[in-house]
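The following blocks contain the structures, represented as structure tokens.
Look at the two complexes coming up: subunit A is in both, with subunit B in one and subunit C in the other.
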Partner chain A sequence: MKLSSATLVGLVALIFFVVLPFIVSDWVAADFGIYFAYALFAVSLCFVWGHAGLLSLGHAVYFGIGAYAMSLVTLGMVPGLPELHSTWVGLAAAIVLSTVAAAVVGWFFFANRGLKGAFLGIVTVALAVIVERLAINSSYLGGMNGLMSVPPITLGLNGDGPEIYDPLPIYYIGLTLLAVAIAAMMRVSASRFGVSLAALRENELRLWTLGHDVAKLKIAAFALSGGLAGLAGAFFVVQFGFAAPSLIGFSLSADVLIWVALGGRNALIAAALGAVAVRFLESRLSNLMGATWPLVLGMVFMASVIFFPKGIFGELIDRLDRWRDRANG
Partner chain B sequence: MQDAAEGNATSGGAPFLEIISLVKSFGGVRAVDHVDLVLDTGAMRCIIGPNGCGKTTLFNLITGYLPPSSGDIRYRGQSIVGRPLHKIAADGIVRKFQVPSVFPEMTVEDNIRAAAGVRHGRSVASPAELLDMVGLTKNRRHMAGTLSHGEKQWLELAMVLSTAPRLILLDEPAAGMTRTEKTETVRLIHEIRRETNVAALVIEHDMAFVAALDCPISVMMLGRIVASGDYDTVRRDPLVREAYLGAVNG
Partner chain C sequence: MERLAIVLLDSSNAVLVLMLVSLGLAIIFGLMNVINMAHGEFLMLGCYALLALTEAGLPFFLALALAPFIVAGIGLVAEELLIRRTYARLLDTILATWGLSLFLRQGMVLLYGPGSHAVAVPDVGSVDLFGTPYPVYRLIVMAISIVTIIATFYVFFRTRFGLAARAVIANRTMASCLGIDTRRLDRITFAFGSGLAGLAGAAMAPLISIDPNAGLGWMVPAFLSILVGGLGTISGPLAGAAGVGAVDSLTAAFTSPVWAQLVVFTAAILVIRLFPNGLVSRAKREA
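Coming up: the complex of A and B.
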């Protein structure tokens, strides 16, 4: 079986990241645990934007819902269930709530409305701003300060049992989550549903006039992507220990858009690598550059849009594709 | 190949497709003006007429892309006016656009896979058979956007057929094709109808192409159907000669 260039790049990256903790310090590995959560988030946006062509400029809403859901459950803040502290219930709540939220938002945007393009982008930005304001003004969610002292992953059924906070296990849990999510989403992309979503991106009217309920397809894509973003948010917060309104708002929504655009929105692995690369460079360069780092990132972003419209890793995959095609005649 | 048009029979002897006094107005302009048309199960009819006479608007109305101002469209005994576009398509009325409408950044094979999602239990040829029928088997791994204009037209035809349609609406299927491609398209349409018994409405300007399709013709002018009959009858109609054929054929 001939592997796609995206799969090849993914396998090389996987080997690299499996080996990386043997080379770098635990401190650096701990950073990468967080980066993998961001990468998972980037994969969720890449699926809905790159694959299905639905530009969501407020995707942090679902990431934030996942983070807050996990925090509320593990902190024992679920109304009527103060004894509940389970990481597993928190994980399920994060995925279910973010999926349902994305489905409801999708239904509102697409059922009988057909919101698309720049209009969809504008409305999703507005959504992120509104939800961030709601989080800031909610005393239950900790207001501006957010929810602090979120416990790490605990293996017991209800917050008991061993806790996982050592960088190395977290690193490999994150890497496994990311690899499995990318592989699963690649399978979904290649399925009949996934092919229909790609067709939606290419020519919505054609797909519609072939008998596809495009609104249902869009809502399903949004829900699936939202669920994945929620999972990313949950995995983020058990490492970071802190859920703040910034996780649910416009700023992180813009960040993830840049990671996906820089990495490449035509391949899930490219988007994931984009997130890891930007966050890694940011952690290294922001110390050196201070306040000028966002300026540099912005310039790199603009240069990438002009010179590598498919993103840096997307371009790499594309070139590898063409090289392999030529090599195979 | 299995019969894609199976189950075409309508209950109570109602016509397969019946267009009744259909009107579509855009402001003060009547693009479609009291059009009546009946199509039997498995039948084919060409609709000709000068640019702007309402042919494509008629297709837009039948497929549900536009709502009519008045009149009715009855398909297999039931009115389809007001039904969502995708439901009309899923029920078997599927259209090929004038400008080839494919998914350019997807492989030819995936174009068929994406198209074939909704069939409601109707049987249809496999994607491989469909690609073979339109002569694109060798291109199946190519991106649809890299195909020639004629190949895109054929791919779109295969995409339409992959939905197991009962009625296909072909909007200028030979537009922009070379003479050889047009001949091949005529052969293809005859083969499709022989193999699937699918009904067809065809909009076309090229009179040689229309003659080769060898089916009844309706002539539209200023939104109305002004003449109907076989090719020779239509060709002899003085109004048609003056307004359309005369201008085309000199």
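Coming up: the complex of A and C.
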């Protein structure tokens, strides 16, 4: 069986990240747990934007819902259930709530004559600003400060049992989550549903004329992506320890867009690598470069839009593809 | 009664400035098919241009007259280096200008620091309106906005340039087939649109706190305005800005700015969802 170039790059990246903790020190590895959560988030946006062609400029909403849901459950703040602290229930709540939120938003935006392209982008930005405002002004959600001292992952059924906060286990949990999510989403992309989504991206009118329920496809893609973003948010918050309104609004939505576009929106693995690379460089270089880092990031981003519209890792995968084609004659 | 008059005046002020910002955005979008996410940053640049010029010792009103041209110049450079390379890829213009917005914001952080600056309101006194004193400067801002909007309409509907520009909005390919230099038009359009944002920023500079993120708060309302009003016309965005600005400032005056933003964004999303062609173009079609 011939592997696709994206799979090949994914496997190389997986081997690299599996051995990485043996090469670098523990505290470097500790940062990667957070990067993997961001990468998972990037994968969710890449699926809905790169694969289905729906540009969501406010995707942090679903990441934030996941983060807040996990925090509320593990902090025992669920109304009427003060004894509930379970990580597992938190995880389920994060995924279910973000999926439902994305489905409702998707239904509102896409049902009947839905919003398209740039319109969708602008409206999703506005939605992100609204949700961020609501979070800031909600005393239940801790307002501006957010929810603090969110407990780490606990293996017991209700917040008891061993806690996982050592960097190495977190690192491998994150890597596993990411690898499984990418593999699963690649399977989804190759399924009948996924092929319909790709057709939707290429020519919506034609797909509709062929009798497909376009709105239903879009809503399903949006909900699936939202759920994945919620999972990313939940995994983020159990490491980071607090959920703040900045996780749910405009700025993180802008960040994830840059990671995905810079990495490459045509391949899930490229988007994930984009997120990890940008976050890694950011933490390394912002000490060194200080305030010039965002300036450089902005310039690199503009240059990549002009010269590598497929993204940096996307371009790499593309070149590899062409090279392999030639090599095989 | 007096309070109502003040509220209405302040509200007109907000509406007129939002109209200026939305007009620039709509012209760039309509003519060039570029979604300019950095439009708010051009407004922010207008504030800083005014700040720099007044700090250099220029009289306030001279600085106010020069600032939009500086911003238009920056817009021209951005068009030449970045925007023109993303034409015909609508969604890539979002990404490119998003990068530009990050770049401009951080550029100002490096030049002026992340903190906020203030420009003194020029000492033009206040007049009695409806029995209460009202600052003259705010009236001047309104006058500038109205004159600029009228001038823009004059250019678009009464000059040869405007005719060419409207032809490009209606059908770009056909216009270029008829010998209209679309490349030159694009350049002028982008500079003009950024200049309008720069003017709005410079005029508002004494009334707001100037910081690198000053433009962010304008971007979403301006986009919502042009979508609410409808694309493809010049009057649509003005109507949209009137709606968005009025609802925003009136709700802010009677409840709180936080609620105002929630109400206006939610209302705008509903309108855009229910009338995807905008309120103005819809009215036209039914007539």
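What we mean here is this: the second predicted complex is superposed on the first by the 329 of 329 C-alpha atoms of A that agree within 3 Å, B and C clash if a C-alpha of one lies under 4 Å from a C-alpha of the other, contacts with A are read in each partner's own complex, and residues count from 1 in each chain.
FYI, a residue touches a chain if its C-beta (ideal position, glycine included) is under 8 Å from a C-beta of that chain, and two chains touch if they have at least 3 such contacts.
Note that the structure is a prediction, hence the values are computed from the model and not measured.
Enquirer: Based on the superposed arrangement around subunit A, label subunit B with subunit C as either clash or fit.
Expert: Result for subunit B and subunit C: fit.
Enquirer: A:V195 in the overlay: touching subunit B, subunit C, both, or neither? Say first, second, both or neither.
Expert: first
Enquirer: Touch test for A:G298: subunit B only (first), subunit C only (second), both, or neither?
Expert: second
Enquirer: A:R133 contacts which: subunit B (first), subunit C (second), both, neither?
Expert: second
Enquirer: Let me test your reading of the model: by the given contact rule, A:N203 touches which partner, first (subunit B), second (subunit C), both or neither?
Expert: First partner only, subunit B.
Enquirer: Given the touch rule stated above, what does A:G161 touch, subunit B (first), subunit C (second), both, or neither?
Expert: In the superposed model, A:G161 contacts neither subunit B nor subunit C.
Enquirer: Once the two complexes are aligned on chain A, which partner has more residues of subunit A within touching range, subunit B or subunit C?
Expert: Greater contact footprint in residues on subunit A: C.
Enquirer: When the two structures are overlaid on chain A, which partner does A:G121 contact: first (subunit B), second (subunit C), both, or neither?
Expert: So A:G121 only meets subunit C here.
Enquirer: On the A-aligned overlay, A:G211 touches which partner chain: subunit B = first, subunit C = second, or both, or neither?
Expert: first
Enquirer: Looking at A:P82, would you say it contacts subunit B, subunit C, both, or neither? Reply first, second, both or neither.
Expert: Neither partner.
Enquirer: Roughly how many degrees, to the nearest 10, is the angle at subunit A when you join its Cα centre to the Cα centres of subunit B and subunit C?
Expert: Value: 80 degrees, nearest 10.
Enquirer: Can you report the least C-alpha distance between subunit B and subunit C in the superposed arrangement, rounded to whole Å?
Expert: Between subunit B and subunit C, the shortest C-alpha distance works out to 9 Å.
Enquirer: Share the list of subunit A residues that count as touching for subunit B in one structure and for subunit C in the other.
Expert: Residues common to the subunit A contacts of subunit C and of subunit B do not exist here, since the sets are disjoint.
Enquirer: In the complex of these two chains, what residues of subunit A are touching subunit B?
Expert: So the residues of subunit A in touch with subunit B come to 192, 195-196, 198-199, 202-203, 205-214.
Enquirer: Which residues of subunit A touch subunit C in their complex?
Expert: Per the touch definition, subunit A meets subunit C at residues 55, 57, 108-109, 113, 115, 117-119, 121-123, 125-127, 129-130, 133-134, 137, 250, 254, 257-258, 261, 291-292, 294-295, 297-299, 301-302, 305-306, 309.
Enquirer: Using the touch definition up top, name the residues of subunit B that touch subunit A in the complex.
Expert: Touching subunit A from subunit B are residues 63, 65, 85-87, 89-91, 94-95, 97, 101-106, 110-111, 113-115, 117-118, 159-160, 163.
Enquirer: Would you pull the subunit C residues touching subunit A in the complex into a rising list?
Expert: Subunit C reaches subunit A through residues 35, 82, 85-86, 89-92, 94-96, 98-103, 105-107, 109-110, 114, 216, 220, 223-224, 227, 258, 261-262, 265-266, 268-269, 272-273, 276.
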